[in-house]
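Going in written order, the chains are labelled A, B and C, and every chain counts its residues from 1.
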Amino acid sequence: MNLVVAQAATPLFDWDWVTRNLDTILEKTLEHLQLTGVALGLGLLLSVLLAAVSIWKARAYKPIAAFTGALYTIPSLAVFALVAPIIGIGTPSQKFWTAEVALVSYTLLILVRNIVTGIQGVPAGVSEAARGMGYQEGGLLARIEVPIAIPAIIAGVRIAAVTVIGLVTVTSLLGLGGLGFFILDGLRRSIIFPTEIIVGVVLSVGLAAVIDLGLLMLGRSLTPWMRAQGR
Amino acid sequence: MDESTRSIMDFLADVVAWFSESGRWLSGDGIIPRTAEHLWLAILPMAIAIALALPLAVWLGHRRIGEFAVNALVNVGRAVPSFGLLILAAVFFSRSGVSLRFWPVVVTLIALAIPPIFTNAYTAIVTVRPGSVEAARGVGYTENQVLWEVEVPIGAPLILAGIRISFLQVLATVPLAAVLSSGGGLGQYVVRGFARGTSGLDEVFAGALLIAVLTLGADWLFTKLEPLVLPEGVRRLSSTEVRARASVS
Amino acid sequence: MIRLEGVSKHYPGAALPAVDRLTLDVRRGEFVTLVGPSGCGKTTTLKMINRIIEPTGGSIFVDGVDALSVPAHELRRSIGYVIQQIGLFPHRTIAQNIGTVPGLLGWDQARTQDRIADLIDVVGLEPEMLDRYPAELSGGQQQRVGVARALAADPPVLLMDEPFGAVDPIVRGHLQREFLDLQRKLGKTVVFVTHDIDEAIFLGTRIAMLNTGGILEQYDTPEAILSEPVNQFVEDFLGGERGLKRLALLPISSAEMVRGPMIDRTGSRDDAERIMAEHSVDWVGILDGKKLLGWVDRRDLVSPDLNGVEPRPFAVSLSPNSSLREALDAVVTGHARIAVVVEDGEYKGMLDLESISEEITE
């Protein structure tokens, strides 16, 4: 697959193309968000379960951390490639789920670790006082420990979100949508078309920045007591 | 759905067949040369990134300045999609007629490798207990000696952790370069296989297995190497303290 | 030995200087303690002597040398420095920690090893510890190593910043006493910062009382400061019970002891009655030659001689080196309102409230 070198005459950025294709751009952005959202949602769900198991049975943490760590270490491309034959890539639905399995597995390490660290980071004195007041495990967790752990959890979600947004661009190799579509499309034309690539990259970075900020604001709104400390 | 008509065993048989094809391992396009290429495309950018980032990070950490830069670098390093960056680099390099197999990849990887190395090295130096640093000055070490005799050895585990994170990240990004040309180390198998659609899944899987083995193997190697490189007294420092300080990018 | 002349430290942006033109001198072999409330600049002053903090004004002389004219790291190699956080290098063994300055000065291996072996003994640690790492030692042990490290190259001066603050009170007491012995034996000049006035009184040959901004309010021996505080600030900082604190500084041998109501065991009941009447008490102490056996109450004297009676031991007996404060404690808590003094098994005499207070009322 040898690419023809771009002509120096090609302009770096073609605004016309952008204005002409705004609907496609929007479509792909929404697809990108959809892929990201599903991955984060499922990832969070799974991570909460795994974290709960780790907190319940301390000995489970090490293997869980090792497993999610291995998934994280293996490059995203390879994870897609390992999952693809199992789920198949014939239909759009198959492609979607192949991508989702890989994306979700990537978020697990960050989320599980941050949730566990967040809950364990609750000062022992606080938990003890709560128990002394009569809170039982379930209520203690939900009403006391989780709220205090929110900053750590949100921090994990932010990292996971930004990571996933970047990884979704790679799913374009599977033929999926998202902003990676532009990156690949611009690359695979007979003459490389920089505008598309730039749009793809800039928008995915922009998307990551917006989501990151949004989650930061969400975190702040959920933890009014931290604002009182002047944080 | 093609796959449902074939069992898992059939598929795995295909994969094994792929591995045992003649010339699969040693020919020009074979596994061994591609693994070597994969490693070279990771090690070279790492060496350059370390040479650029480490001394600067360590020096800034010692002088306790540049904290803003560090924070910015962490955020930037996380947000930039490596795939997109790679392609962009290819775009710019292609205008100058340079081979897309090597330079765009190396330059992108250097940029990718720097943030974890830099931020971890900086944090490593900055979090050394002030008592140790003051005592070091008090015994009469010069500023340089304080840095290299005391701060760096104490910070070594964290510095090494940063290098490890960086290396694994770089190793993971190399396969993406296969999109650009015939390079990308072991990633070429995956990309090529995907391009052929469902029929190429055996190559895709094989390539993925090879990549997984390589990256997990590299991770394991690092854990074995760490005790050899770190001074003994530092290893005894509470390992939980080190892990707590280690950042994930 | 150390001379500070008009030394100041002014931090940029601060309204007032941390230390304002302080002039102080420390003689060779002295143990000077810098005391004062938070923010008085005592730590800042100490750290200017070895230029961990650079002065913004004035001059400093250490052993005749202008401290500001030599490179800081060279100056520090000839000054021992012990800090509260201890600051042992965690990545080096105890032996390597102690040998740091000799290494910097280029001593040869043999000389360094000998020195380390000596020092580990001097600070009261076992040689087995030399190959361990700081994390394996307790806080008290670590600080002993800290002191050994400071003494390694045999510097004439030691600077110490609340060095015993990080250990528990029992260990602190041991460290204080041992270090004082050490300093007297080695003849080192020591400048010691503490916020604890009792520690300063116990250790210092002279105390520098500092007020906010490094203002030197009084600089004199502990006895002088305790008996004549120069102003309200010093009085307040000394705290209450100044009389008791002064008594703690005086040994029993400096007071006038009396023999008191004593009788040899060979004596008779009548002699005992007579002695008790003379001293207007209803008890008598029993001696066996020079040895003090105890005391008996009048009601115990049932037989004509003293053979049948078991003397009750005195609750406390003190040596001439004990302080008058301990004597006062014995007087106040004992039944007989006296403190007996014994040396090497020999009865020396006793003290009562009057004889003790005479020493501090002038």
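Here is the rule we go by: a residue touches a chain if its C-beta (ideal position, glycine included) is under 8 Å from a C-beta of that chain, and two chains touch if they have at least 3 such contacts.
It should be emphasised that the depicted structure is a prediction, and the values quoted were computed from it without experimental measurement.
Chain B has the C-alpha centroid lying closest to the overall centroid of all protein C-alpha atoms shown.
The leading chain pair by number of C-beta pairs in contact is A-B.
Centres computed as Cα averages put chain A at a distance of 20 Å from chain B. The mean-CA centres of chain B and chain C are about 58 angstrom from one another, to the nearest whole unit. Chain A and chain C have CA centres that are 63 Å apart. Per the touch definition, chain B reaches chain A in the complex via residues 1-4, 11, 75, 78-85, 87-88, 90-91, 94-95, 97, 100, 168, 171-173, 175-176, 179-182, 187, 190-195, 197-198, 201-202, 204-205, 207-209, 211-212, 215-216, 219, 248. Of all the residues in chain C, the ones that touch chain B in their complex are 50, 52, 72-78, 81, 83-93, 100-101, 104, 133, 135-136, 146, 149. Chain A makes touch with chain B in their complex at residues 1-3, 5-6, 8, 70, 73-82, 84-85, 88-91, 94, 110, 113, 159, 162-163, 165-167, 169-170, 173-174, 180, 183-184, 186-187, 192, 194, 197-198, 200-201, 204-205, 208-209, 212.
On the chain B side of its complex with chain C, the touching residues are 129-143, 145, 150, 153-154, 231, 233-234, 236-238.
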